[in-house]
Amino acid sequence: MFKRVLIANRGEIALRIIRALREMNIESVLIYSKADAKSIPVMAATKSICIGEAHAKDSYLDQDKIIDVALKCGCDGIHPGYGFLSENADFAKKCQENGITFIGPSPELIDMMGDKQTARDLMKKSNVPIVPGSDGLVETYEKAKSVAKEIGYPVLIKATAGGGGKGMRECFSEEELKNAYETAKSEAMNSFGNGEVYIEKLILNPKHIEIQIIADKYGNVVHLGERNCSIQRNHQKLVEESPDFTLTEEKRQIMGDTAIRAAKAAGYDSVGTIEFVVDSQQNFYFIEMNTRIQVEHPVTEMLTDVDLIKEQILVADGHKLSLKQEDINLNGYAMELRINAKGCGKVTCLHFPGGLGVRIESALFEGCEISPYYDSLLAKLIIHGKSRLEVIRRARRALEELIVEGVPTNVQEMYMLTYEPEFVLGSYNTSFWNKSEKTIKERTEKWTCSIS
Amino acid sequence: MFKRVLIANRGEIALRIIRALREMNIESVLIYSKADAKSIPVMAATKSICIGEAHAKDSYLDQDKIIDVALKCGCDGIHPGYGFLSENADFAKKCQENGITFIGPSPELIDMMGDKQTARDLMKKSNVPIVPGSDGLVETYEKAKSVAKEIGYPVLIKATAGGGGKGMRECFSEEELKNAYETAKSEAMNSFGNGEVYIEKLILNPKHIEIQIIADKYGNVVHLGERNCSIQRNHQKLVEESPDFTLTEEKRQIMGDTAIRAAKAAGYDSVGTIEFVVDSQQNFYFIEMNTRIQVEHPVTEMLTDVDLIKEQILVADGHKLSLKQEDINLNGYAMELRINAKGCGKVTCLHFPGGLGVRIESALFEGCEISPYYDSLLAKLIIHGKSRLEVIRRARRALEELIVEGVPTNVQEMYMLTYEPEFVLGSYNTSFWNKSEKTIKERTEKWTCSIS
Amino acid sequence: MELIFEIWERFDRSSAVEMSYSSNDFNLVLKKGTATGGCMEVSPVASFTPVKSESVAQVSDVTYVNAPIAGIFYRSPSPDEKPFVMIGDEVKTGQVLGIVEAMKMMNEVTSPIDGVIEAIIGTDNEMIDYDGALFAIAKKQG
Amino acid sequence: MELIFEIWERFDRSSAVEMSYSSNDFNLVLKKGTATGGCMEVSPVASFTPVKSESVAQVSDVTYVNAPIAGIFYRSPSPDEKPFVMIGDEVKTGQVLGIVEAMKMMNEVTSPIDGVIEAIIGTDNEMIDYDGALFAIAKKQG
């Protein structure tokens, strides 16, 4: 077993990992930036070493410094958390070269899954459904027409060099295709000097559903059910829940089995998430694999009673997976609400909700400074209950009890969100936030007044 | 369903009930004393009414005022919590007479179970093991000798009029009996003017184990496993856990079935607890029944995922029990650590632990005043985990994170307690605190510095 | 005037610590004493504290008459009759100002001093807390 | 008026700390208790804050020499040799005071001023934080 693990992260996830290590009787060494000197993880770790200035490149992203501290402190493992170096194959490789276990998959796996085309090819080979498309460049309108016909409308024409919506055209019928194809091509040429395009099926307002898996080094893989993460603002998740309320049990089984197949095909050996988009007919398509622990992992922990961080550490240490698929039961409902800062400042008053079915993951404390250098996540409110309605009502009362003063937050918006009919019905998809933002913000403004 | 429920209590249990009501969409009316004006329950309830001075007799025990407020506010139910009026048959009767549902058993049941002899007789009739004894007065030494022989040594000779240890004699063999019998009798005569004594088997250092049950008005009863509450200081519980680590599965079944039989015999129809003492051979004997929700109910909630307060409210409202015995699974281990004040003052700094498997039940807030009028419970730290060892380690890290400043507390003692070998092994009984107090206190003094 | 006091009473019962109100007729600003100072004041519940006496403590020579018991406050002996007192009325020590009904008993609220009714704080026909302020009486000068 | 109270009640139930409302008829401002200042001192973490540099900040005319990088601090060029400096030693600007080894590089720590070694804060052979204080140097008078 590990003797001492370095945590190359900050905030709530650093605290989450320190707690798990503490409970496993493993020492923790935290590296931190000057901006985080007054923080709970710094206090909670067995040892904390300041390695640089606030900017992540001088601290949380400084690979060589981190490895050096790990070696000097006698660490035999490094936990990267999420973000920062968690999906950096070079860093994982440096750990390996220095005889330190990177708590995550091998550098090769990170590389493979980080490359969209390689991952897509692997999934296709493994019989995992991917978004249908041209599988390569579409050089002529004639080819475009035949590809579109084959995969069915609507389709999306995308420039290989594209980005930010440029060189991208939605197309709902063959009548629109010629114009869309030519426009996308010329726009791509004008914008990027490269007119190459390809075609994909356009999935309209899909659900974003991901399957949590865990695998050991001996080819054992189990899945721990799905999370619906469709409530996103600018691809930033706001609420995640499990199980997905509208997924049939049959489809859940199939998606779970597919995720296991995907992980096995990759030879995966850590915690990870297979992300799918699911259309209104419950057709699902692989989009990507996250080769790290995710922000929303507690949702799955509440349902399965599996401590994902501990399991991740155990399998990294070469332990055989203690779980079997038949041991995994999804018990009740769980939801995570992300409480974000909408600006900087000092937290002048803090009060967290408690009681049955309420879990808090946060490194906040009264008096702490919210700095502009890192992400805006202040706290994760994780609610568990027997029914989805109980969870929603519990979330409301928890949000009513929550007090974070001194820093502008999204608490009020989250509260208003819990009253949106589409949310209550559980039938929402990724279009939810765009559709509901106006109402939620109006209601929030109507009933509250922002701190000026 | 209830429209509006009055809560005749304060502190953490008032907040617990308000939260449950809020989640059930039922309005809450809280009565409070002037000493509790600045409290979280007062804030959290739909409506709060101050009914008198700090002393409980002027507020939380003032039955007529409470009923009056309930009527004036249109409450159709009263939840008494624990302590105060929760096991007061007169109060339950007054509720009934005023057309308000007392959320608990009927006055007759409270009366019956409140009278030790009646309860004992009922249990005996229902084939529930009770502590063997003379079943009535022992007028002569000859009778004492035959009773003692029948039930077996050691025995306890107790004065019917006794109290505070007076007129009570332990007796380990027949040689000691004559002297013990005569001494007890004369001591009782001298102290109380009544020399009547009876004899009971002396259970040496038993475990205190209780079975949680819930029953509806239609004769359905389920049990929700046991709690080991053997760690007590002056009959005040400090730590409760479930399941009991040393109880065999067979004995658990038998005790559970016995508790159900006892509840059915009484015609019980609410949440309740059957308390047993268990000797070193795992023989168990009924001692009493608690006809209310108990402080330590969350331990059972963590294992069973049953919200006991909600179920209590539902069965009081005449709902049929939704649970069947086969639905009840004890999932993992859970423990409650009671954080008590050891003096009064203002809480100047407060920080609660969070994360996986940690539940807080508390009405504390930073700045609150701990008054001398009510009990000393500040917070309940409820820890859940997969194994008992995980729970103990999690409890330690949670206690390390917990900060309560400004008021002397038992936090450090609880922390030291979690390192006591007998506690770690789970083999402790009611003698634990007396045996361990000295070590715990010495270690606490050695490693901490009390707030002066 | 009634409106102000109704607002005022609501303010006291509410968790607000500060308020201002303006209409065609008047402006009203209310703050609770907890809005300034050290850390205790920023506690989540400090904001729910009824601090009646503090909030009106500026006004000197005013005596508050509080409810002797939690119950329903009545301003008049019966629904058809006139209120016992109106704002501006002169009152004598021992004079009945109102009634608090609790447990089927009518508890008379009497004036502890000779003075003038400055404010009627309790709301007719509504629940009043134990020791909750019902009347403010200005001491008669001289 | 009903509207005000409805807003108010909503405000109370919400965790908003402040609100204002205005219409043709009236303006309404509500705030909850957010006091400023004083609170940070009782924060749970204030107690674990490393305050080395602050705690010695009272001494005037002292310059701290901090670690340029996190690493192992060495007081001497090699284990067998004497320390670069001892307390009381006079040092010149640019003089080597110690070494911080990080990423297999020996980073010399030099004196920024002419002065006298007042204190050696770093521990020989132990990990030092980035920007952690190693030496205190008293400025040479005159």
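Note that the chains take the letters A, B, C and D in the order they are written out, and that residue 1 is the start of every chain.
Keep in mind that, in the parts below, a contact is a pair of C-beta atoms (placed from the backbone, for glycine too) under 8 Å apart; a residue touches a chain by one contact, two chains touch by 3 or more.
Keep in mind the model is a prediction, meaning the values are calculated, not measured.
Asker: In terms of CA centroid distance, which chain is the most far removed from chain C?
Answerer: A
Asker: Give the chain pair that accounts for the most C-beta pairs in contact.
Answerer: Top-ranked chain pair by contact count is A-D.
Asker: Quick one: chain C and chain D, Cα centre-to-centre, how many Å?
Answerer: From the centre of chain C to the centre of chain D is 51 Å.
Asker: Which integer distance in Å separates the CA centroid of chain B from that of chain C?
Answerer: Here chain B and chain C have centroids separated by 42 Å.
Asker: Rounded to a whole Å, what is the gap between the Cα centroids of chain A and chain D?
Answerer: Taking the mean C-alpha position of each chain, the two centres sit 33 Å apart.
Asker: Compute the distance, rounded to whole Å, between the mean C-alpha positions of chain A and chain C.
Answerer: The mean C-alpha positions of chain A and chain C differ by 55 Å.
Asker: Which chain A residues sit where two or more other chains touch them?
Answerer: Each of 348-349, 351, 365-366, 400, 403, 405 in chain A touches at least two other chains.
Asker: So which stretches of chain D touch two or more other chains?
Answerer: If we look for residues of chain D contacting two or more partner chains, we find 11, 30, 34-35, 39, 41-44.
Asker: Could you list, by residue number, the parts of chain D that touch chain A in their complex?
Answerer: Going through chain D, the ones touching chain A are 7, 10-11, 13-20, 30, 34-36, 39-46, 48-50, 69-72, 102-103, 127, 129-132.
Asker: Under the definition above, what is the set of chain B residues touching chain C in their complex?
Answerer: Residue positions touching the partner: 31, 34, 37-40, 42-43, 49-53, 64-65, 67-69, 72-73, 346, 348, 365-368.
Asker: So in the complex, which bits of chain A are touching chain B?
Answerer: Residue list for chain A touching chain B: 15-16, 19-20, 22-25, 44, 298, 301, 305, 307, 331-332, 351-352, 354-362, 365-366, 386, 390, 393-394, 396-397, 400-401.
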